[in-house]
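After this come two complexes, each holding chain A, first together with chain B and then together with chain C.
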Partner chain A sequence: MQPGTLSTFLKRGAIWGFIVLELIFFTVAGEFLSVSDKAFMDVDNMLLLFKQSAPIGIIAMGMTIVMINGNIDLSVGATYALCAIVLLDSMTWPMFAGLGDWVIPVSWLLALATGVALGALNGLIVWKTGVDAFIVTLGSMLGYRGLVFMYNGEQPTSHLNWTLVDFAEAQFLGLHTPTWFLLGVTVAIWFLMNRTVHGRNAYAIGNNREAAVNAGIRVGPHMMINFMIIGCLAALSAVVFYSESGSVNPNDGELYELWVITAVVLGGTKLTGGAGSIISTFGGVVAIQLLRKGLAHIGADTSTVNLVIGLILIAVLFLDRQLNVKGKEELKV
Partner chain B sequence: MTEQIPVLRLEGIVKTFPGVRALDGVSLSIMPGEVHALMGENGAGKSTLMKVLGGIHQPDEGRIIIEEQPVVMAGPLDAKAKGIVFIHQELSLADELSVAENIYLGELPRKRFGLVDWAELEAKTNGILEKLKVGFDAKTRVGDLSIANQQMVEIARALTVDAKAVIFDEPTASLTDAEKTVLFEVIADLKAQGVGIAYISHRMEEIFRITDRISVLRDGQYQGTVNTGDTDEEGVTHMMIGRKLDLSRNESHHELGNVALEVRGLSCGDLYRDVSFELRRGEVVGFYGLVGAGRTEIAETLFGLRDPSAGTILLDGEEVRIHSPHDAIERGISLVPEDRKAQGLVLGMNCRDNMTLPQVDDLKAGPFVADGAEIAIFDQYRDKLDIRTPGWKQLVGNLSGGNQQKIVIGKWLSMHPNVLIVDEPTRGIDVGSKAEIHNLIRDLAAQGYAVIVISSEMPEVLHVSDRIVAMYSGRIMRTFTSEEVTEENLIAAISGLETQKVA
Partner chain C sequence: MDYRNALAATTAAAALTIGSTAFADTMTIGITQNNVGVDSYQTTYEQAFIEAAEANDNVEAVVLDAGGDVARQIAQMEDLIQQEVDAIIIWPTNGEAVIPAVRKAHQAGIPVIVTNSNIAEQGFDFVASFSGPDNITQGKRSAEIMCDKFKDMGIEDEAKVVHITGQPGYTTAIERAKGFDDRLPEICPNVEQIDKQPGDWNREKSQKVMEAFLVKYDDIDGVYAGDDNMGVGALNAAKAAGREGIIFVGATNFAVGYEAMERGEYWGSIYQSPVDDAKAALQTAVDVLEGEDVPFLNYFDTPKITQENMDEFDKPVF
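For the complex of A and B:
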């Protein structure tokens, strides 16, 4: 066996092993502890799990590419809320009154455009000022959230369009609409990162920015494109979720950035950039949702769920570190 | 000479890793007051031997003996406590702290309540610094020191214990010639105090300048020890690689083509001034000078990493402005940078992706990367440059230095550059691969490439260049043809001893 193969395998497969472990644990524990008499591994329950994963999952795909690129985006939660407001509010604007249900695609596009614009702003600042993305998006996280509150004060923004609700609640081939979006985004981003020049360059920039510059790669535009993509995906996530719910509170999407980063890191993407996998991020998203659902299934409350996920995240990173150290030792031989 | 006991003796050290016998019965003894060179190609086992000595690895067989006492090294701190001190190639200093704090890091003298005794710290530090005859004091911030002086701080740190043996690992890698001289004086002082010194270096001239005996490792096996006075470069090289290395003067001559690059009156602030030269196709121009003479900065300007403050650059007779590496690459200027790991390679990517990095965009098929075309390019240049790797999927970080350098060179050759600039082509590369890289550069010139080689190693410059540009303190002092250059006049030119000749 090649040196490092075992640890590489463990690293790549770790998240899926973790998911299997969760499934076994909750199935068994559910037999004794569950408040309901339904089995945990029920098909409907699993389909629901994918649907519920979608809002975090869609953004996590964007976060993966931003982090591979060597940046981070903390403003996604606020972007999500702002795009949700644009989506719901624009459907009530008088200028679109004559459109009937054709207002739906118009509002969707408006929401997505808002997300792209907010992301572009982040990207542009990071590119042109050279300030660390962590600081820039920390600022924009506060700023964008400020815009959310300016829009409607503490009041929720609501609009229910039943055609939209029907669409959002539909099931095609058994999977819910949000699940399809999550899968679609995953595939698209996978292609972007693995099959396109942009993806290749994004990895190179994250891994060694100086070498990338010396290879003639224009670092700034690539970073900006990635921020626009994550902005767009935060908006898409809002579109998918609020098409169904129809009401957005100004606090919605708070802490989303942290859940998203948790999922991405759990999937093995490095905070330092240059390494990461879209498929593993998908695993990370599913693992977190599984944990939330599973703990609820055996009767734990939300605070316990947060505590457990926090502990698991640290444990996983510790394990990852151990594996990496071991891998390096083996390579030196 | 009276019978002396070695300060440090290794007996039949064996260390195996899965699949590799890294050290195979290595024996070595270092006498008090001698400078003992340890040589060998990269991968010969020098680093492993040092790690065994420092207690990072435990030997499978054999003994470490300090002054006739067999010892077990538990780790670097234990080694230091036993009087074996390492001066590593990479510095491990805290830039923001003072010299004194760095030297006594972890062992700061204390007063009551655990407060630091600054007065004593300063006195002790200055005592050591005086012995080293350095030009800075205990309170200087380490970040403000030159690399050479930072190394002195490392050495000072080593001298806080009663060192029996000091092991220098490639200490001169980033030093200028003047700084080297100071280092060698310090080594001579240590030697006079009866300290045993092990000196690891690839640089022959240093080895012959300062060492008393030379021990050679090859493929983990001890090849023998010779008195430095009884051998020469060829002899040592022969022991290291089992064959002879050709480092003669470049005497190949072929027809030169048209002028590919012309630089007129180029200046960049204080870094270099009024630099003019031309480079023809089929020609290798070597830039030689001390570190800080402005050679790398000229390369960086040509590659678009620095904007010049004055002067013009002409490519094929046409004036160009280059503001970024992107511009430079579009115009066919390529740079193999000084520090290939930091500036040239994406270590976390595979060999193929590294080689095609600048041209993925040109190769793409529709919106997607063209895997097949990229593999074809990789295969072509792997064969052409004889890059030894199991396959294109191998991470470039796992290759040896020589093969990594060939990947960087291949990266640019595959784009058929008009001008290829190679900064320190063989830094940190073992002797065997060095010769290959030198031959490669000569071959490229014969094929009609215009090549600039920047090097701090005189034999290298003499060996590969058709013409040599000697720089001193940001200025071109003189340009030599390979017929007129001698080691003496070259050294005179780069030390500023010779004033600029009339052009």
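For the complex of A and C:
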């Protein structure tokens, strides 16, 4: 066996092992603690799990690229809220009044364009100023949230379109509309990261930025594109979610950046960049939603859920560190 | 049939009856709350709800909290529908965003009870009942408190009143203002409302509004504010300006309002208890499930509180 094979396997497989563990635990505990007669592993419940993972999951795919790049984007929650406002408000703009229900695709495109533009702004600042992405997006997180509040004050922005709701609630081949979007995004980003030059470059830049520059990779534009991708995905997440709910509070999407980063880190992506996997991020997203659902199923309250997720995140990071140390030691032999 | 057999049969039948009624009477009620822990009203509400559910042997409660997150609340609605609970109580995080989720429950044949603050009118068709405070009556009662005090003081024919409303556009603000504006001329026809401005539920904003009123009007006998928070703001403005003898009446008695009443600076308010709110929500759900005729707007009582009867009430926790 090659040195480090076991630890690599553990790192790759850890999230799936964790998911299996959660399923077993909640199934058994649910038998005793849940007041519901339905089993936790009920098919409908598992389908809902994927659907409910979509808002965080779609953004997490973008965050994985950005983090593999060695950057981070804290503004996704605010971008999400701002795009939701554009989506819902544009449906009532008088200039689209003649479109009837054809206003829906127009509003979708407008929301996605807003997301891309906000992401591009982040990317441009990171590229041209060289300021750390953490600081830049911390600023834009506050700035974009400010725009959200400027738009409609403390009031929610609402537009309920039943055609849209029916579309968003539909189930095709048993899967809900948001699930299809989540799966589609996962496949697309997986392809991007594993089968294209852009994806290879993302890993190269995250591993060693200087070496990437020397190898002739145009690091600045590359990062800007990745910020545009995550902006677009934050917008897509808003499009998918608000098509179904039709009203956005000005504080919606707050803390989403943290849940997204948690999911990505649970999936094994390194905060320092250069390593990470889209499929494992998918696992991380599912693991978090499973935990939320499972703890609610056995009757734990929200604060317990947050506490448990926090503890698990720390445990995962610790485990990851230990495994890496071991891998290095074995290489020396 | 000999005696023993008959006895066995009767016992079995009795056991069966008891068993089946007990089964039919056990109701699983799910609640998804807005944001427990954000203020003590909501925290007290949750505790009271859990206590009330435990006190009722026929109720099993699934108590969830959305943490102010609409997405999480919708997911909780879906989970409750999937678990096939008998009824769902929802404290909306957003009166419009939850309508599709409420419709889903309605389509699944699960009655939905909205608690504390109602959802938007588009969703009324999917709701079994709303349990919460009656804001119009609260406004009316505030008018009555004000008028009664003026009559005691013997100034009911000359008194002048200013009115500070809540945030424009909020149903609670609109309804309370309407109740007050309608009731005051009925009982004190000669009392004049000289001005009305929004205080946005905000103490500082309300204080500024009152400062402007004090400059503008030399004679103010009464102030009605849409809640005690704003009422105390107005009181602070009057104290700073050295104007005395003004009668302050609010609504939703806050701890600050209660304390100002103890000091004798603030006359009265409307007492709205989170415990009553929670109990009313659970009772509404139980009544709906038992097939009783429940009004669509099922209000719980929010009594008048003044300096005279305040010792009958506990100090509000919020």
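Everything below uses one rule, namely that the second predicted complex is superposed on the first by the 333 of 333 C-alpha atoms of A that agree within 3 Å, B and C clash if a C-alpha of one lies under 4 Å from a C-alpha of the other, contacts with A are read in each partner's own complex, and residues count from 1 in each chain.
Just so it is clear, a residue touches a chain if its C-beta (ideal position, glycine included) is under 8 Å from a C-beta of that chain, and two chains touch if they have at least 3 such contacts.
Everything quoted here is computed from the prediction, not taken from an experiment.
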Chain B and chain C placed together on chain A: clash or fit? fit
Of the two partners chain B and chain C, more of chain A gets touched by chain C
Classify the contacts of A:48 with the two partner chains as first (chain B alone), second (chain C alone), both, or neither.
second
For this session: Could you say whether A:154 touches chain B, chain C, both of them, or neither, answering first, second, both or neither?
Result: second
Exercise. Kindly classify A:214 by the partners it touches after superposition: chain B alone (first), chain C alone (second), both, or neither?
Key: first
Inquiry  = Contact-wise, after the overlay, does A:245 reach chain B, chain C, both or neither (first, second, both, neither)?
reply    = second
Apex chain A angle, CA centroids, chain B to chain C, rounded to a multiple of 10 degrees, is 140
Once both structures are superposed, the least CA distance from chain B to chain C in Å comes to 36
Chain B and chain C footprints on chain A meet at residues none
Note: in the complex, chain A contacts chain B through residues 3, 191, 195-197, 199-201, 203-204, 207-208, 210-218, 274-275, 330-331, 333
Listed in rising order, the residues of chain B that touch chain A in the complex are 17-20, 22, 303, 305, 324-326, 328-330, 335, 337, 342-349, 353, 357-358, 360-361, 364, 367-369, 397-398, 411
Interface with chain A, chain C side, in the complex: residues 28, 36-37, 60-72, 74-76, 78-79, 82-85, 93-101, 103-104, 120, 122, 167, 169
Chain A residues touching chain C in their complex are 34-38, 42, 44-45, 48, 51-52, 55, 154-156, 158, 160, 165, 168-169, 241, 244-249, 251-252, 292-293, 296-297, 299, 301-303
